[in-house]
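The structure's right below; bear with me while I get my questions together.
Chain lettering (A, B, C and D) follows the sequence in which the chains are written, and residue indices restart at 1 in each chain.
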């Protein structure tokens, strides 16, 4: 069996650990793995290379993807998919394993339809917003990176009695922000799923000031409220406090993966190869209720993941 | 309601985050929290102090326990338990929350029997060996500390073509070692649950050498095989390789807790207070199947946790 | 002798280690140390508290300042200085030790003139822009924080063949940016001391692309060129590359100080107390040519520190 | 000009950054660089490979040596040196740059004598024990690794009122231990240069206990006193305290180099190539009084580096 492996989505720490797991699990089963470079673009541009167990040595603890990735609009066109399909067939690829989140699932599904070659998606995303899946590869790493940054920022917040708005990633969802807010002991988690006005935040900042708490951290999801600098201006006006903004940005996507991100990558990679061996097609692999599961990609694409409301409330309960 | 909180077991990163969660959740419910210093010893020596939400400020990201801890043999005697019981009653304590692993559970149960005061245990342990519970506070932190250390050691292993034995903690179980071995890409996980002889290890080291892999990492649980230095001598003799040993030791117990350890601490602490509010007595709080659960302490004490055999095998599959 | 200690400038990791060093060195000489809270503002508002060797326990590895700090415009007025002077005298303060950079030096000098009380400044600043001084407390920590962030960003840059502009602090100087650029292996150090146009940068990016180097990191000092997002737009236009921006911001000011920042803090703190003991007044303590030195504050205020041109060129030499 | 580059000594974080600096600086001068694998052994076994600027891409932040290293007794024999000399000549090598400490200097000198090919040594060593040189590549990284480990250990020490002996590397000298002790706020630096008996340590531990300080950290150089476990037994006996031991071991040799180790590597690497260009032979490059200097290797070999006694005393002054 020939497996093609692609890292197609936004990068997430642990992708390389998953590539290693796929290549070595496949080798253990007697399968051959072809790495596709530059994501879906590489399918179109015919960028394949054989990956042996030795080729994935020393990458378990590295960020980024050794296969590189790219945004590829061409892949959304019938011509792009047709070309990708041709290339896969000329390489005699029997199965495609791709890593990513939402966009990767949809791309993989289209590819499978056009080419007839089954796909498996390994859930990898720092946004952790895939329905039916509790945790994706890279999420734990991004949470820790953001939390470590906020630990530093809090030193300044406390020293100067300042309020900081820290914007974290997460696309249009608040999973990353919520997890970061709880772990950093933030006073506010501002996320799209729980709309709050700047006025309400201002009110609570002033209340906290009255009981002697003069510094605070607002963890804001990039998808919530809008521009953090405008939000800061308004809060400054409403509260009279010294407001500062830090947009964490791309540091959340890279870096040495945490142990947990690596271990999920090992487990997911192994399962993805098992699905190929079992000819169980068009599944996405992720963690659910503490177990590695595989779900029907189409169903996952059509569902929306719910935020944990109790966890959201816990941020406020613990920020007194 | 008056809640006494105790950190009684071996220390684990995230204990302070749990203290914060208990104190603030309790305050939110209108309960008062008394911190007991020095673990069970403080119960006997009457070392109580009121903890307000402000007292637990700035501790979410610190290692150790602000309440301190100690080994206390006296607590295992009827006199010790009687004295502890008296002190709790004289302080009008209605509920005891204690943090720890195996020993803490047993101690808490005895205390409840003697005093009639209900207890809740918050599962905290870097060993992660509590039956029925998938994850305790501190485990993720200890795993990451060990993995980061091994990342460093591997630099030397690869540079000099050496084999390293790295001994990690875990008492008489292999949960910590197994998780660390997988995440660090170790070639061997030597754990009590899967006995292996030094001869077998030597054989595989030589086989790997023949396919060009001349450095490797053996992650050894402290409870497996015996003295790592003797093991190294024997392996050196059997293989002719350059063998080195590092015993990671106490660095695994301390340090800034990971985001995950902090968040489990927040969730467990909140649940422990809820159990007190609901008068649901003598339960241990932990993570099971991705959910926060509470289990009957006695039943947990009488059961033995199983190791994940598939994960164990995965270490070998991925180490080719 | 009564020493007052103040953290007056922007915060820098290692300030707490320096407070510890001053208090304990002073105690060793039989001197008493009074901590002034909230920087120069605390002098005006009479916020003094006695600091004993036990009070500074456990702070050597913490960011921020246990004494807090603040911006204080009032301190620049004759009334403010007069009030501060009165308060110092009513507390029988014989010597003032303050920690900070440029602004702190000037403030300290004014205070000494008005009050007649001698001052010592401990050079603390992540900007490292004090004339005559090679290294201040906190600089090494800020450099490492920025470099670790860029290590993460580079993972994404390489994976996607992107160019990143990473803005670091440094006020109107480029010392921090230059050190960070060299250590992170950045392709460009854009600093105020070496003006470069966006066109020139674009030209070099394209040249590098021709020899196959398609990702790069531009470390930009906040004081150079102007808005990083406008710079990115222009570069995108000129090169056709995928350009991204990260402004590191306040994470550079906080966090656990590096060993070096702590050790400079120990050495500088001890020397500051020695200067008080020797009645050598109005000096600033810092590192020069690998040695702890003390310089005349006024002379330092009137000089301008030179950037290391060879180091600047080395960034380009090594970025091929 | 053809330059051969060798990593011959114990590994130190930053060696790869120095290889990168040499290769790219050499390329900038029009020189060719040949990497020699496995240290001096590779000279004998003829393991040369061309290194281009692209070959050293992405290594600035990695531990270990991409060229590998080894202990090589054969190199100390006339036959070994003769063979190495032959191989160098057959490759038309004009200059040898080697990285390491004491052993590397002596080896390089012998090689130069036998072969007539000039050498440059880049001072790289976590021991930092080279006479005339204040700082070597890797020292700052090893110090930080050890200090971060002790930060974790102190959490346990404080929580349980324990005394920890932490053994750090440094061969027969105390430079690493002293720097680590100061930065970690240790109560004791036990180093070969300042002999102290276990009885004296016990006495001071008891004195500290009387003023309420019941936990402490003893940083012990591997070259001082002897076996740390025996030392612990004796201290336990003499003080009645709970004593524990951690031997940090090989984690000190690897890992991501600090910004400072990387920047010294950049500067030293560049200077080494300049010395080749200038035909200034048999020099060792290091940091002295804050400047990059080059010294006569033979003179350095014959001298002994002094420990900083003031720094040693400062540990005690600040540990009150």
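One rule holds in what follows: contacts are C-beta pairs under 8 Å (C-beta built on N, C-alpha and C of every residue); 3 or more make two chains touch, one makes a residue touch a chain.
Source: prediction; values computed, not measured.
Enquirer: Show me the overlap between the contact partners of chain B and those of chain D.
Expert: Touching chain B as well as chain D, we find no chain at all.
Enquirer: Which one of the chains is farthest from chain B, going by Cα centres?
Expert: C
Enquirer: Just the number, please: Cα centre separation of chain A and chain D in whole Å.
Expert: 39
Enquirer: In angstrom, rounded to a whole number, how far apart do the mean CA points of chain A and chain B lie?
Expert: That gives a centre separation of 28 Å.
Enquirer: For chain A and chain C, let me know how many angstrom lie between their CA-based centres, rounded off.
Expert: Each chain's C-alpha centroid was found; their separation is 35 Å.
Enquirer: If I count partner chains per residue in chain A, which residues reach a count of at least 2?
Expert: Residues 151, 158 of chain A touch two or more partner chains.
Enquirer: Touching pairs of chains, which are they?
Expert: Every touching chain pair, ordered by label, is A-B, A-C, B-D, C-D.
Enquirer: Given the complex with chain A, which residues does chain C contribute to the contact?
Expert: For this pair, the touching residues of chain C are 7, 11, 13, 62-65, 68-71, 145, 149, 151-156, 158-161, 164, 244-247, 249-255.
Enquirer: In the complex, go through chain D and note every residue touching chain C.
Expert: Listed in rising order, the residues of chain D that touch chain C are 20-21, 24-25, 27-28, 53-54, 58, 60-61, 134, 140, 143-144, 147, 151, 158, 179-180, 182-185, 212, 256, 258-260, 262-263, 266-267, 270, 287-291, 311, 314, 317-318, 320.
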